[in-house]
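Have a look at the structure that comes next, please.
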Amino acid sequence: MKTRKEKTGFRIPDLSRAAGPISSIVAIAVGLMIGFIILLISNPARALEGFAWIIGGGINSAKDLGNVLYYATPIIMTGLSVAFAFRTSLFNIGASGQFIVGALGAVLVGVKCTFLGSFQWVVGLLAAMVFGAVWALIPGLLKAYNNVNEVISCIMTNYIGMYLVNWIVKSTVYHQLTNRSLPVANEANIPKLGLDKLFPGSSINGGFIIAVLICIFAYILLNKTTFGFELKACGYNRFASRYAGISEKRSIIMAMVISGAMAGIGGGLLYLAGSGKYINVEDVLAPEGFTGISVALLGMSHPIGTLFAGLFIAYITVGGSYMQLAGFVPEIIDIITATVIYFAAFALIMRNLLQRFRLRKGGERT
Amino acid sequence: MNTLFFLIQQTMFFTIPLLVVALGGMFSERSGVINIALEGIMIMGGFCSILFISFMQDTMAGQPLLLLAILIAMISGAVFSLLHAYASINMKADQTISGTALNLMAPAVSIFAARMIQPSGVQQIQFTNTFRIAKVPVLGDIPILGDMFFQNVYLTTYIGVAILIIAAILLYKTKFGLRLRACGEHPQAADSVGVNVYRMRYAGVMISGALGGLGGLIFVVTTSTNFNATVAGYGFLALAVLIFGQWNPWRIALAALFFGFMKTISATYSSIPWLVQLQVSGYVYKMIPYIATLVVLVFSSRNSQAPKAAGVPYDQGAR
Amino acid sequence: MEYIIEMRDIVKDFPGIRANDHVTLQVRKGEIHALLGENGAGKSTLMSILFGMYKPDSGSILLRGKEVHISGPRMANELGIGMVHQHFMLVHNFTVLQNIILGVETTQNGFLKMDEARKKVVALSEKYGLKVDPDALISEITVGMQQRVEILKMLYRENDILIFDEPTAVLTPQEIDELMDIMKGLAAEGKSIIFITHKLEEIKRVADRCTVLRMGKCIGTVNVADVTVEELSEMMVGRKVILKVEKQEKEPGRPVLEVRNLTIRDHKSKSRKNKVHNLSLTVREGEIVCIAGVDGNGQSELVQAITGLIPADEGQIILKGEDVTKKSIRYRNTHGLSHIPEDRHKYGLVLDYNLAENLVLMEYFEPRFQSRGFLKQKEITAYAEKLISQFDIRSSEGARTRVRSMSGGNQQKAIAAREISRNPDLLLAVQPTRGLDVGAIEYMHGQIVKARDSGKAVLVVSFELSEVMNLADRILVMYEGEIVANVKPSEVTEKELGLYMAGSKRSEAV
Amino acid sequence: GKGSGFELALVTDLGTIDDKSFNQGSWEGLKKYATEHNKTYQYYQPSEATNAAYLEAIDLAVKGGAKVIVTPGFLFEVPVYMAQTRYPDVKFVLLDGEPHTEDYATYKTEANTLCILYAEEQAGFMAGYAAVKDGFTKLGFQGGMAVPAVIRYGYGFLQGAEAAAREMGLPEGSISVMYNYSGDFAATPENQARAAGWYQSGTEVIFACGGAVGNSVMAAAEASTGKYVIGVDVDQYAESNTVISSAMKMLGNSVYQALEAYYGNKWDGGKTWVLDVNNDGVGLAMDNARWRSFSKADYDALYKGIKDGTYKINNASDISIADLGLKYVTVTEVAD
C-alpha cells in the first residue's frame, strides 16, 4: 500500500480544505433564506424591499462600507480571542470580561494620561492589551496549576470583571451626570489614517487595520512558528506535549494570556474609536464577548476566517439597520445570524462529503 | 430567627432554577452532548410558558395554571432542544456551535414572536403572579421547619427538590441511567452491547431541554411580573453550577445551594444591619459569590469527573 | 461439513481503500479459528462486519447454514455472536458488574436488579475460572482483569460464537497462558472461537485452523497442525521472515545510563509500598538491557522517572556521567535520551497533528527545523518523507495524514522512526512491538539491534518473555519495585525468568 | 402612505421600545398623535450605544422621510447637537436633555430643536410626601442606574418624605429610608431578593424607579403581606395589586404637544420646555391609587403647594444625599 501521491502521480485537488469556507457560505445562504421567509411572514408586501436592504445596506455607500469595517473591528478581536483559544483547545467564554477590563485600561489611559501627547492612544491600546491579558491570566493559572475548568472560571471572571470595572470607573473616571466614564482625550483616539477620507461620514479608523494585522499575526503565530506548534500540541494532547519536553502549564497560561490580550485590545479599539463610546456603569456583561464566540465559530476558529466572519456579521448588522426603513424590526437580523451559526455547525458533514468525493475519485488499492 | 427563615426562602429563589437547569445540563452531558444552550433553552421555556400564562390568566389562576405552565415550559424547552440534538447527534456538528446558535436564536425569536402574537405588539409579556403559597396547610404550622420550608413558597421549589431526587434515582438506579451514562463515557462500548447511542443522546438532550425550559419558567415566575426575553445569564451560571457540581446530582445540588446562598447574601446584605455598617462598597458584595466559587474550585478541581465522551460526536464508523 | 459461520465473498470499501476484497471465512462449530494478517490487512473490518458494526458492500453471511443480515451489535448478540474488541469496550468508571450487564439489564419496575445479575456473574466466573471482583471499578483493575470482564460479557449473554480481536497484545505471559486455557475450555464446550493475533506461537498453541488475509484478500485457510510458524508468516507477509534476532556478541562500553538508589513513592494509594524501591542499574554503550517483569511492578514509574515525566523521590539518574535528576524533560531529550513510550496514544503522538508534525515532535525547535522561531515547513516535510520511506510507514496521505487515522502498527512505526533517527545515546523503549505484525516486529528488532551495534545504549521494557530472551544482552527482572535478577539470556531459561518475575526467586548478583 | 417613508420618527436609546420608560412613554405619545392625525410613523434602533450610532440612526430616520424626530434621553444630547445642523429642515424633539458638544464646552439649541426637561424631583417629592402622609414611616427607594432622572426622582422622594414628616410633627429621624441604585434596568433574582430583604426587615413601601427593576420589586411585594410599591413614569397600577400609586411624568403628553405645535405651525424651536407642575407635566397617579388615607384633596393641596413655592425642591442631581440636609428622614444608603 503506497501513499496516494506516489501511486497516481498527480494530486486530486483537496476540496476538503475548502470545505470550511464553502460550508460557511452555504450556512449564510440558508440563514438569509430563512430571514427572507420571516420577512414574508411578517409583511409580505415589503419583504422584498427589506431583503434588498439586508443584502445591499452594507454596501449602500462608502459610509456604510466604512461603518461595516468599524462595527467589525471589536468583534473580530473578540472572535479572534475565542478562536485562538479554541485552536489550543481552550474554550474562552471569558472574552466578555477581558474585553471590558481591556476597555477600562484604554479609558483610564485615555482620560488620565493626557501628558503622553500623541502617544496616548498607543499607550491606551497597550494598556487594554495588558489589562485583558491579566484578566485571562486568572483562568489560565487556575487551569494550569489547579485543573480548574476554564469554562467555569471564565464565567466567574466575566462577572467579577464587570463589577470591578464599574467600581473602578465609578471611583476614578466617572461622569455622574451620565453615569458613565468620562470622555477620553482627543489624542487618545486612534488615528483615522486617512480612512475617514476613503469612507466619508463613517466611524472607521485605524483600529480596523490594527485588527487585520493582528489576525495575520495570529495566523502566523499559530501556523508558522514553533511557539504556535507548542500551543496547539498542548491543546491536542497535554501528555504528549509533556513527553516532548513542552511545558504544558506555560502553554495553557500563554494561550489564555494571548487570547485575553486580543479581547482586551478589542475593548481598546472600540472605546478609543472616537465614536463616542463610554463605559456605562451598568451591571450588564459586555455582549461583544459573546458575539465573539459566534464570530469565531462561523470563522471555523481560523484567524483569517474570523476576520471574514466578523465582517459578515457587521455587514448584515448594517443591512439590518437599513431594513427598518421597510418597517421591519432589527431582531430579524439576530434570527438570521443565529440560523447562519446553526448551519455553520454542519460544516463537518460538508467536509466529510467533500472528502469522500475526493477519495472516491482517488482510486483503488494496489 | 426571622432573618434566617428569610435567607433560606430567598436562597431557594436563586437555587431552584439553577438546580433544575444544571440537572438538565447534567442529563445532556452525561449522555455525551455538551449543552451550552441552557441559556437559550431557559429563555424559550420561559417565553412559551409565560405567554401561555398571560393568555390564560383571565380564565384560571393559581396552582392549576402554574402546573399547566410547567407542562408548556417543559414541552417547549424539549422541542427547542431538538434543534441542538439534531445538529449534534445526526449532523455530528460541533456542539459548541449549535449551542451558541440556540443561545442567539432564543431571545431573537421570543422578541419577534411576542411582538407578532401579542395584540399590544410589545416584546414584554405581562403576567399576574397568583402562584405563591403563603402557607402550606398543616406542614406550614410546624414550628421552625414550617417557617423555613413551608411558608411563603412556590410549588416549583418542591418540584425542584423532587426533580433532584428523581434525577439521582434515574441516573444511578435504572437501566436508562446506566445506558445514558455509558453513552457519555464510552459510546462505542455502549453501541457494541446494543445500546442505541443516538436514541440515548436524544433522550439526554431532550431532558435537558425540558428541565431547562422549566428552569426558565421558575426563574421568571419567582423574580418578576413580566418576561422580557432574558434570564439574565442564569443559563450560563447553571452551566457553571453543573461543572462545579462535577456532573453529579448531589454535588450539583450542593453547588447550587452554595452559589444561591452566596447570591442571597450579596443581594440582601442591605437588610442585615451589621453588614451595612461595615460601609464596604456594594460591588464587593456583588463580586463575592463569584470569587467564593473560584476559591472553592481551586481546592476541589484536582480530578475532573467530566463525562469522557462529552462533546465528541458519535460516529459508528469511527474509532 | 456444516459451518456455523460462513462469510462468503465479503467486500468492504472505505473511502479510497478496499478493506475486504472478496474474503471468504468458514468457521466450524467448536473450533478455534485463527485469523492472521499484517497490520491493516482487514481482519478487524471483517470481524466488525460479522458483529454488525459495518454493513458489507457485497457478499453474504450464513449462520448455521441460513443467510442472515446482521443489522447491528444488538442483533449479533441475539444471534449468539460476541466479540472482544481490539481496544476494550469497557466504561472506565463503571463497575465490573455494570459493564457486564450493560445492554442486557434485568429490571423490576424499571429499577435495576443487580443481585440476580451478580449471582449469575459470580457463577460464571467460578465455572470458567475468570477471577473478577464484580464491584471493582474498571479504571482500577489490571488489563488482564479487564479482558476477563470482556469474556464474561460474552458468556453472560450466552453467546456461542466468540470473536477475540488481538486479545493477547496487552497481556502478560501468565495472563496469556490463562487465556489460552480458557479459550480451549470454551471450545471444548462447543463454542466456536475466532481468534485474531499477530503471535504465531499462540496460533500454534490453540488454533485448529487459520485463515490468512493479506491486503484485504483471502490468501487461504490452513490446518494449523500442517504448517510451521515460518510458513504461516510467509503466507501472511508474502516473503520469508526471520523470526530470530540476529546479533553478534559485543563487549559493552562505558556506562550511558546509571540509576542510583532510585525510590518513587506511591502518592495515590495509601499503601506504604514504594513503586520503585532503592533501585540501581547501569546501561552501557553497545548493550541491550531488557527489563522483564509482570506489568505493574514499577517498570512504568522507573521509565517515567528516567525520562523526567515524574520526579524521583530519592536517588539519582545519571546520563553520560551527568546528574540529570533535576533536569527538565527537554534537557534530557536534547542530551542523548530517546524514548518510545508505553502508551502511544497518550504520550507518543499528537493524534490530531499530521505525520510530519509528529515526526518532528521532539526536534521542531532544533535549528534545522526552525529559524528565529519560524518553522521551516519544507525541511520538515522533506525530513518526514525521508523517514516515511526509510521506515516504511504506511498511511493514506503521506506526510500530511492525520495520525489519528493511521493503523496502530503504523503509528508505532512512526514513533520508532522518530526516536531512532534522533541518533540518541540512550534508547528507552517500552513495549516497542506491542500490536505489531511479525514483519513489523522483525523490522523493529532489527532497528534496535542496529542502534546497539552502532554503540548506543538500549533499555527495553517488555512483558513478553520471548522478546526479552531474543533481544537482550542482559536481563533485569523487576518485582515490586526492585530488581530481583540480573542475568544473561544464555544463563537462564524462560521458566527461571518466570519464577523471578513471580517473586519466588531472587538472584544474588544484583 | 406606505412606501413613501415615515414622517414621524423616534430613535430609541439603550433600551427597547417597550422599556416602560423614556422610549415607551414617548413612543406612545408619538403613536397617539400619528394615528389621530393619520401620519406615518416608525421607530429606529441604533446598532450600538455610541454617539456615532445614534447619529446614524438619525441619518436613517431622515433617509426614511422623517420630518420630526423624537430622541428620548440625555444620551442624545451630543448626537442631536450634530444632527440639528446637519439637517436644518428636520425638527428634533430631545427629551431629558439639551444639545451640547461632547466635552460639554458648548451648549446650543438650534431653531429646529425643541428640548423637553422634566421635573422628576417634583414627582418624586409627591410620592415621598404622600407615602409619609399615608402613615408609612419605613420607606425604600430602589433606583435603576444612577442617571440624573433617576437621581432627581430619588432626591425628590426624600425631600417629600421630609416635608410631610415635618408637617405632621413627627420626631426627627422618625422616617427611615433604604436607598439604592441596582445598577441595571432588569428584572433579576438579585433585585427581587434585595427588595424582599427590605420588606422583610420592615420596609413598608418601595419607590421602584428603574424600568424592569420595578417588576422585581413588585414580585417581592407580592410575596410579602401588606407591602407596597410606588411605580414610576406611567401609572403602573395594572402591573400589580401592590402598586399603591405611581410618580408620573407625562412623557407621552409632552411629545404629543410638541407634535401638535409643529403641525399647528407653532413650533417652539430653540427653546427648552420644562415640564413640571405648572404645565401638568408631572404628577402622582391618583385615579387608581390604593392609598389608605391620602386623598385627592390632600393631593390637590400638595400640588398647589409645589406650584406656589410652598415646597422648595432641590433639583440638583450631582450632589450627595447629605447635601439635602434631611432631619426627619434617616437614609441608609446602600453603597455601590
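In this document, chain identifiers A, B, C and D correspond to the written order of the chains, with residue numbering beginning at 1 in each.
Convention: contacts are C-beta pairs under 8 Å (C-beta built on N, C-alpha and C of every residue); 3 or more make two chains touch, one makes a residue touch a chain.
Remember, predicted model here, so these are calculated numbers, not experimental data.
**Student:** State the chain with the largest centre-to-centre distance from chain A, centres being mean CA positions.
**Tutor:** Most remote chain from chain A, centroid-wise, comes out as C.
**Student:** Counting C-beta pairs in contact, does B-C beat B-D or the other way around?
**Tutor:** Higher C-beta contact count between the two pairs: B-D.
**Student:** In angstrom, rounded to a whole number, how far apart do the mean CA points of chain C and chain D lie?
**Tutor:** Spacing between the chain centres: roughly 76 Å.
**Student:** Could you state the distance in Å from the CA-based centre of chain B to that of chain C?
**Tutor:** Between these chains, centre-to-centre, one finds 45 Å.
**Student:** Calculate how many whole Å lie between the centre of chain A and the centre of chain D, each centre taken as the average of the chain's C-alpha atoms.
**Tutor:** Centre separation, chain A to chain D: 37 Å.
**Student:** Check each residue of chain B and list the ones that touch at least two other chains.
**Tutor:** 111, 281, 283, 286
**Student:** Identify all positions of chain D at which a residue touches two or more other chains, and write them in rising order.
**Tutor:** As it turns out, chain D has residues touching two or more other chains at 183, 186, 336.
**Student:** For chain C, what residues touch not just one other chain but two or more?
**Tutor:** Touching at least two other chains: none.
**Student:** Chain B touches which residues of chain D in the complex?
**Tutor:** 16-18, 20, 178, 180, 183, 186-194, 196-198, 200-201, 212, 215-216, 218-219, 222-225, 239-240, 332, 334-336
**Student:** Inside the complex, what are the residues of chain A that reach chain C?
**Tutor:** 1-6, 224-227, 229, 232-233, 236-237, 239-246, 355-356, 359-360, 362-366
**Student:** Which of the residues in chain C end up touching chain B in this complex?
**Tutor:** That would be residues 51, 53-54, 72-75, 77, 83, 85, 87-94, 98-99, 101-105, 107, 110-112, 153 of chain C.
**Student:** Inside the complex, what are the residues of chain A that reach chain D?
**Tutor:** 45-46, 67, 70-71, 166, 170, 176-179, 183, 203, 273, 275-277, 280-284, 317-318, 320-322, 324-325, 327, 329-330
**Student:** Where on chain D is chain A touching in the complex?
**Tutor:** Per the stated touch rule, the residues are 2-3, 5-6, 14, 42-53, 56-57, 60, 63-64, 74-75, 78-79, 102-103, 145-148, 182-186, 317-318, 336.
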